[in-house]
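For reference, the structure I am asking about is given below.
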Amino acid sequence: MARILTVSGSPRIPSRSAKLLEVVAREAEADGHTVDRLRLLDLPADALLAARLDDPELAASMRQLELADAVAIATPVYKAAYTGLLKCWLDVLPQLALAGKVVLPLATGGSLAHALTLDYALRPVLQSMAARHVVQGYLVVDRFIESDTDGVTTISGEALPGLTDVVDGFLQAVAHPPQRVRAAS
Amino acid sequence: MARILTVSGSPRIPSRSAKLLEVVAREAEADGHTVDRLRLLDLPADALLAARLDDPELAASMRQLELADAVAIATPVYKAAYTGLLKCWLDVLPQLALAGKVVLPLATGGSLAHALTLDYALRPVLQSMAARHVVQGYLVVDRFIESDTDGVTTISGEALPGLTDVVDGFLQAVAHPPQRVRAAS
Amino acid sequence: MARILTVSGSPRIPSRSAKLLEVVAREAEADGHTVDRLRLLDLPADALLAARLDDPELAASMRQLELADAVAIATPVYKAAYTGLLKCWLDVLPQLALAGKVVLPLATGGSLAHALTLDYALRPVLQSMAARHVVQGYLVVDRFIESDTDGVTTISGEALPGLTDVVDGFLQAVAHPPQRVRAAS
Amino acid sequence: MARILTVSGSPRIPSRSAKLLEVVAREAEADGHTVDRLRLLDLPADALLAARLDDPELAASMRQLELADAVAIATPVYKAAYTGLLKCWLDVLPQLALAGKVVLPLATGGSLAHALTLDYALRPVLQSMAARHVVQGYLVVDRFIESDTDGVTTISGEALPGLTDVVDGFLQAVAHPPQRVRAAS
């Protein structure tokens, strides 16, 4: 099975983006995949901002990405785009760091008015990093992300079918790496 | 094998976008796929602009798309985006017209300065139409598109490896529709 | 006072985009400006799609733009972007057709989920045409556009303050063409 | 005269973006404007990434922006967009932090292939912050930014007229805040 990395780009704790990724992780693990978790806020800020690649924690996060077959990225929408924190991490990665990988872009936000952020802002960045397949993404409106007292998160209301669809598309793409086939001549 | 539709969005004849699609079609046919060709300029202009879906030629073009497993779309870059002609045709299609399909976005333009058009302008439109997989696209600079006296087009110079890569990625994605797989428990 | 052109990019009649522009026109005329109206659907479709610049009606529309100091453009949101009809007209214009002009971008759509279309899709196109000032735009959700039996349109609900703000910003920018000033030495 | 803030979003020293801003600052000071300089890399990284608004240096940078009538922002192009460092700073600002202000967006990059970044990626973010006027921006290709032994930067080659144009447009917009004018009735 595949190795999947979840990347939370929220600069806040607790974070709806992190919770959303837990829902994805649960589903991926249920399919038999291995899931690693990366919370960008845990990385040393000065190494990240100044792109000091020899920092051990930063280097470890890059190694986690390298090992992953697929990545689920979640970011709150700030100023009509992804967070600066997420972009700082993407900036320190090699230009082709997503080559061969499947990527699921997710966002959280206060209203549907931010829904196009994923396709107009985040997706072009991911494409520039040579991602093999950036599957359909989804913005979950904040009020549909709920956690119970044990910290287990559920997605409610109209957001559930939308999220389920894209997670399903992600796990489909993860399971079947494409390969070119020629007709027998 | 798959059924592939090429869609040329250029409002001019002859068109570098159409020539570029011929290179893709040749490669796809060599793999054993069936290729249909659609030149949007051939559609009746008034039916297209007024979205008269009962027009037989317009309806036929929509049927061609429905039957296709994959689509290669090429557009010249006008005013930092795809052509109005291409968007007119996309506008008359159902909102989810690309559901389940693989899409290869291509562009032609006078200079590399337009390269980001595919990812920032065309790709979000294709994603909104529920495409299963919009693979990496490519902008071919005009001067690298050459046709010989028999009308056979070749892509030259630095544009060739770039185009070859994305056509390969397209034909890989076409050959292997993804399917979700769960680990045996 | 200034000469203002309103450009409706909707392929449908009646059109909420055209109605929205009437509200802008009324306000502009109340300030003493002259308003010309252009409905792109009235242009000959084949001349528009094939960019036949010698068509008299198409040429007249281009002349209207040339004469205008400012332009208010409204488009419904189709497939996460402006309409193909609008882009067809922009495509036939000279690359720098908006040089020196103030532009107000407006959209209509079924939900707020399309709100970012103006800034991520339409604005870059207008900027590429050398617009002097593309002021803040606004998407009016369809249900807030109402017409009485005399055909007079009003904008209601939460959309009214938003629209009023951008129209005010537009008319401010129209009234005061900027000019570089140096401190006396 | 006006108060102008230059904001350098480069995470590297020396920085072509910072040099480019010096050229703008020189021109603005020659017109009699006051110029403040902000290099985002100088801000405390952890306060910036975690949005700790009580940090004195971060608060001071926010105060500088508040006092400014206009802002010139320069960023290298990383991964087809602005830097994460720049976005981190924009993220900590109030949503309407650019209200009433004129903004000049500038970029530096290795090739023209990144030229559309300003309009498709950075401009929508600036618009979302209520900027009064984001004037035409410009990407200067790295090789046209040269510094002499005294550290004085000049812009050379084909980049000079392009930059001169947008700086002129910026200083024009700065000098003349728009104001709505009604015809005498």
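Here the chain labels run A, B, C and D in written order, and each chain numbers its own residues starting at 1.
The criterion applied here is as follows: a residue touches a chain if its C-beta (ideal position, glycine included) is under 8 Å from a C-beta of that chain, and two chains touch if they have at least 3 such contacts.
This structure is a prediction, so every number in the text was calculated from the model and none was measured.
Looking at B-D and A-B side by side, the one with more C-beta contacts is A-B.
For the pair subunit B and subunit D, the distance between mean C-alpha positions equals 37 Å.
Separating the CA-averaged centres of subunit A and subunit B is a span of 28 Å.
Annotation for subunit B: residues touching 2 or more other chains are 80, 116, 119-121, 124, 127-128.
If each chain is drawn as a node and touching chains are joined, the picture has every node linked to every other. For subunit A in complex with subunit C, the residues that touch the partner chain are 80, 111-117, 119-121.
Per the touch definition, subunit B reaches subunit A in the complex via residues 1, 30-33, 116, 119-120, 123-124, 127-128, 130-133, 135-136, 168-169, 171-173, 175-183, 185.
For subunit D in complex with subunit A, the touching residues are 11-12, 41, 45-46, 48-51, 78-91, 95, 120-121, 124-125, 127-129.
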